[in-house]
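Input: one structure, supplied below.
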Amino acid sequence: MHTYERRVNYYETDRMGVVHHSNYIRYFEEARTHFMEEAGYPYARMEEEGVMSPVTAIACQYKKPVHYPDLIYIRVYLVSMTKFRCAFRYEVADGKTGELRATGTSEHCYLDMSGHIVNIQRQNPVFFETFLKEADGE
Amino acid sequence: MHTYERRVNYYETDRMGVVHHSNYIRYFEEARTHFMEEAGYPYARMEEEGVMSPVTAIACQYKKPVHYPDLIYIRVYLVSMTKFRCAFRYEVADGKTGELRATGTSEHCYLDMSGHIVNIQRQNPVFFETFLKEADGE
Amino acid sequence: MHTYERRVNYYETDRMGVVHHSNYIRYFEEARTHFMEEAGYPYARMEEEGVMSPVTAIACQYKKPVHYPDLIYIRVYLVSMTKFRCAFRYEVADGKTGELRATGTSEHCYLDMSGHIVNIQRQNPVFFETFLKEADGE
Amino acid sequence: MHTYERRVNYYETDRMGVVHHSNYIRYFEEARTHFMEEAGYPYARMEEEGVMSPVTAIACQYKKPVHYPDLIYIRVYLVSMTKFRCAFRYEVADGKTGELRATGTSEHCYLDMSGHIVNIQRQNPVFFETFLKEADGE
């Protein structure tokens, strides 16, 4: 589990006065790449080495709105890590009260730069082992 | 069922060379509000009359990437309509080949302007009846 | 001169209840690429042929706000076209009343795919001639 | 002068492989609101007290591209502060080398919540004095 801290930006709000729901998907990405960096294998390094990891599925459940200029925490869990796929779980919480704001998940595959599916364990065993250790096997 | 047509914008792509996954959530919103307008009850009118309908859950499954400057079609289905909630389903397809690019769902509740849950059948029977007819009861 | 029509999206508003100012820059891009397509040389074709045209300067003056779900018109003028640079001017107007909402400009250079400056007249004379005719020489 | 640090997000890149030019306008806003918070008068407090400060003009000159996952610094200068308007200047620099990436400006007015122009010195002398001290009178 990893925690990422983030202040909400004015331009992320909508005329309902709250953070637009699409931005949570972007917060998930920020939290995920921060997690990878903390784990010692930044996502950018992965792409430099010839592997992309696009999102194959995303989901978010919105509990309570987030307002400008709230501070939020995003907890990231790597819930599964296999040679062809990985999956993350997210919890967005208020920075002051800790109250839950949203939960979500994302699923990812591995592709080479021409878009073909990659067995990440074979292609990049260091990457695979690094994140297998981080996976908390829920 | 309703179909919404959309050309992809350059600023919606990312460095993977494809439309960033977060933008599909925005396309769903565009398609949904277009659907409401076509059905005769624009979302903006609903807000003017004092009811907001925030997203309570979103999901998207990405099948194949969309590239700039692709034309895409988004088919919108109102899959459920109750006095407290409604739910939509979406299919994103390539504008030329009709090939499926992504599928998704969204769920919504009804709130008054101070954020309290609203029974839409009681609060706005015309709105409720308009969309009950559109719901295809999957 | 070319006119591009656009409905404003909910997700483009902010908590001030109006379209966030950063989105006008994106509207300019939409209008500009639409203009290029109408002129017979889509921007995507230019990139396929190995030339990018990044923005080197942008400016926007905001007169009156745009609200959801306003329809807007964006008039695009190609104000200069040389072998190393081009510049556009924009006017954003309300779709119903025609009242001016914003004005702006953008400047562009030409780069090959490794980021070196390109003489577009030499590199792509068809492109150059196509847009030289469109330039209204203000 | 105030410095704001920011890591670039993946979703802010475009298919040119660089940060899309429209995002610099959003970085300016982030840097500006961070500056106001550091100066002791957060923008959100201003809105809570009934005054909005919309952008009336924006400009940006792009020198060199910013890539994911670059760290950037944005230096903010409050260049003028009058009872009806204020203006900021921005410099975006690479976080590692300090090399300049972009420069820009923004202009703002003051409005009450019904959209009427406000004399900020009369309406909110504390706010006015706070930022008059910060203005570096270029």
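In order of appearance the chains are A, B, C and D, and numbering begins at 1 in each one.
Following the convention adopted for this analysis, a contact is a pair of C-beta atoms (placed from the backbone, for glycine too) under 8 Å apart; a residue touches a chain by one contact, two chains touch by 3 or more.
Just so it is clear, the model here is predicted, and its values are computed rather than measured.
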A student comparing A-C to C-D should find more C-beta pairs in contact for C-D
From the C-alpha centres, identify the chain that is farthest from chain C. A
Approximate Å spacing (C-alpha centroids) for the pair chain B, chain C: 28
Between chain A and chain C, centroid-to-centroid distance (C-alpha), Å: 34
At what distance in angstrom does the C-alpha mean of chain D lie from that of chain C? 24
So which stretches of chain D touch two or more other chains? 10-11, 16, 18, 22, 26, 29, 68
Looking at which chains touch, is this a line, ring, star, complete or other? complete
Chain D residues touching chain A - in the complex, by the definition given at the top: 9-11, 26, 29-30, 33, 37, 42-44, 68-69
Within their complex, chain C touches chain D through residues 16, 18, 21-23, 25-26, 29, 52, 54-62, 65
Which residues of chain A touch chain C in the complex? 10-11, 13-18, 20, 22, 68
